[in-house]
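Let me begin by presenting the structure, written as structure tokens, before commenting on it.
Order of writing sets the labels: A, B and C. Residues in every chain begin at 1.
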Amino acid sequence: MFSTDLTSNDLIFLVQGAWVTIELTALAMLIGTVFGTLFGFVRASFPTASIPLAFVLDVFRSVPLLIQFVLLNSAKSIVGLKISPFTVGYVVLGVYAAALCTEIVRGGVLAVPKSLRLAARSLGLTSLQDTLHITLPIAARVAFPGWLNLMLAVMKDSALVTWIGIIELLRTAQQINTRINEPLFVFFIAGLFYYVVSWAVSQLGNQAERRLQND
Amino acid sequence: MFDFKYRFQWRQVINNLPAMLDGAWITFYTALLSMVIGIVIALTLLSMRRSNNVALRSVAIGWVSVARNTPALLQIYFLYFGLGAFGATISSWAALLAGITFNNAGYLTENFRGGLRAVPETQTRAARSLGMTSFQAYTRVVIPQLLRIVFYPITNQMIWALLMTSLGVVVGLNNDLMGATKALTDLSYRTFEYFAVAAIIYYVLAKLTFGVARLAGWKLFSY
Amino acid sequence: MSMKYALAIGVSMLVLGSTAAKADKLDDIISSGTLRCGVVLDFPPMGSRDGNNNPVGFDVDYCNDLAKSLGVAPEIVETQFPDRIPALMSDRVDVVVGSTSDTLERAKTVGFSIPYFAFEYVLLTKKDSGINSWEDAKGKNIGAISGTFEAVQAEKDVKSWGAGSFKGYQSQNDTILAVDQGHVDASVSVSSVVAATIGSGKFPSLIMGPKIPYPTDYVALAVAREEYGLINYLNLFINQQVRTGRYAELYKKYFSAEAPSLMTGAVYR
């Protein structure tokens, strides 16, 4: 029959790793959403003037994340900045998320018909009111599925931070395997963690999306 | 404010540039190969997804779901060390290629499914009534139109694949761009210099790929 | 008015003076109350995790001893092999207690103490590999932990053979798995680690292969290159560990054998 040396302690250890993964994802998405929304509006509103911004954001999408982690990690030591690898981890992931989120938000804003905005303005709403009460809610609805996919992508990509010495889910799995040598089983469990969290998030997302579409 | 004790040493990076460029070629064709195989598998998964056989449909749904919900890094590691525990030993490069292809196939299936909705059902029926078999109708009428719709997502996926080949290094791949760069830093500890140059090469590769795809798309689909 | 000037000058001199007489790392460690040791935790018995996933091993004990002598609390920072020197450079750790070979190439980047441990290398291979001597390994596929002394050496050898291949892995565990699963024919590994691996009973098909004729690999504690005060302290600490018998005691605890000499022959260090 099936037997394993995996102990309940190991499971707790894995859960701790999974928690680091979730923390990293949450912080990165916070950074990514705030800056992505800001930049997305800028990109949609001033397409020509914001070309330099688009160029910079595109660089972050066109270089492997693994290399971005390594570069920031060594750059901060070169300039003598005392930040933890965890900070490096969520900052790099956050900037990456912001670069992707910008495109998602831009798409959402551009999906709002110009005539609608003009109508809002002609009803006496200020530009800010139009942005906050008309454009943002509609753009958010359009952008939501993309944003959700982005969150799942960021969670999966957070596995790469193991490279700069952060002990997250994947790394804890490798650690445990050092002792019990059951790679197939241990990595299956780690995979299951990712799968379940991703799946749960996308289910919640689907529900939220349905509610958004209905009202 | 900052005390720069670090002195950059670029000369040896320039000296080792040929090795890195050789690596870039391996990176590029690995990504390209993973796309070609990925597209073939995705088209197969797509027709499985639409079939009436429950087993076939479940395999297709399961494939897409696992590809979407687990990290590529874990998949590659699993393919190399997890399958190895079964005695199924594959090379580092094969594990990388399989992992990236697995993902490409999963994501492209979803893209194709979306694209397919844009090809009206009436077209298939028209093709069938012209005497084509179901297979002929699929390959000659549906797929050509589908490719046009999904060309842009395919380009994006190709760039994703290009960047993700950098993960081969975790299973010991040492001749692609990332692996070669890593091997060079292991000897010299000039991490920043080597990886900065590697980042530029990846960027150029990604932009060249994008540019070529744009040109090709323009030539192919400008009817 | 002149009082104010005098005061201003006094304050600015204080400020300038304090930056000029900068506290060094040794002071920083003592005043912070914590010693951050970079330890490799997938390299049993030098460093690993026990059943409760707490760090244990020779290097962990060595760090604890060092912290005790400094009168501070130890903090074990898990560091992978390829990450040891980057961890120092990025100030994530104060000292690497991580079986770091004191190569001249590395000494261009970090500062080394005198040796605190010495390794012999053997081939870790499978029972039926037919590799009975270092000569037999010629033309085979060889693995090692990426970025280590032995990996650099082995890669050079494989290149000079003109046949076979070399593969570097991210950890000791990956390297052992690679041999066990047949990704490589043998790995260049530390003899004491190989003995512990086989002793664990988790890898019944592996054996300790022939000894590799590399010179004894002395490993040292590593710190930032310019921290002479700390290096000086570490040298004396290592010397004290040996002469108080603590080194022999720790060696016995983890390797059940006589501790190897740390003398590098007829030369001063």
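Basically, a residue touches a chain if its C-beta (ideal position, glycine included) is under 8 Å from a C-beta of that chain, and two chains touch if they have at least 3 such contacts.
Remember, it's a predicted structure, so these values are computed and weren't measured experimentally.
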Check: Minimal path length between subunit B and subunit C through chains that touch?
Finding: 1
Checklist line | Pair of chains whose C-beta contact count is the highest in the structure | finding: A-B
Item checked: Centre-to-centre distance between subunit C and subunit A (centres being mean Cα positions), rounded to whole Å -> 36
Checklist line | Cα-centroid distance, subunit A relative to subunit B, in whole angstrom | finding: 20
Check: What parts of subunit C, by residue number, touch at least two of the other chains?
Finding: 86, 89, 174, 177, 180
Checklist line | Contacts with two or more other chains, residues of subunit B listed in rising order | finding: 5, 81, 84-85, 191
Next item on the list: Indicate the residues of subunit A shared as contacts by at least two other chains.
Entry: 74, 77-78, 80, 183
Notebook entry, point to check: What part of subunit A is in contact with subunit C in the complex they form?
Noted result: 7, 9-10, 13, 73-74, 76-78, 80, 82, 84-85, 163-165, 167, 174-181, 183
Checklist line | subunit B - residues contacting subunit C, complex | finding: 5, 80-81, 84-85, 87, 89, 91-92, 170-172, 174, 182-183, 186-189, 191
Checklist line | Of all residues in subunit A, those that touch subunit B in their complex | finding: 59, 62-68, 70-71, 74-75, 77-81, 152, 156-160, 162, 170, 182-184, 187-188, 190-191, 194-195, 198-199, 202
Notebook entry, point to check: Which residues of subunit C touch subunit A in the complex?
Noted result: 41-42, 44, 48-49, 51-53, 77-80, 83, 86-87, 89-92, 171-174, 177, 180, 202-203
Next item on the list: State the interface residues of subunit C toward subunit B in the complex, per the touch definition above.
Entry: 82, 85-86, 89, 105-106, 108-109, 143, 146-147, 151-152, 155, 166-170, 174, 177-178, 180-183, 226
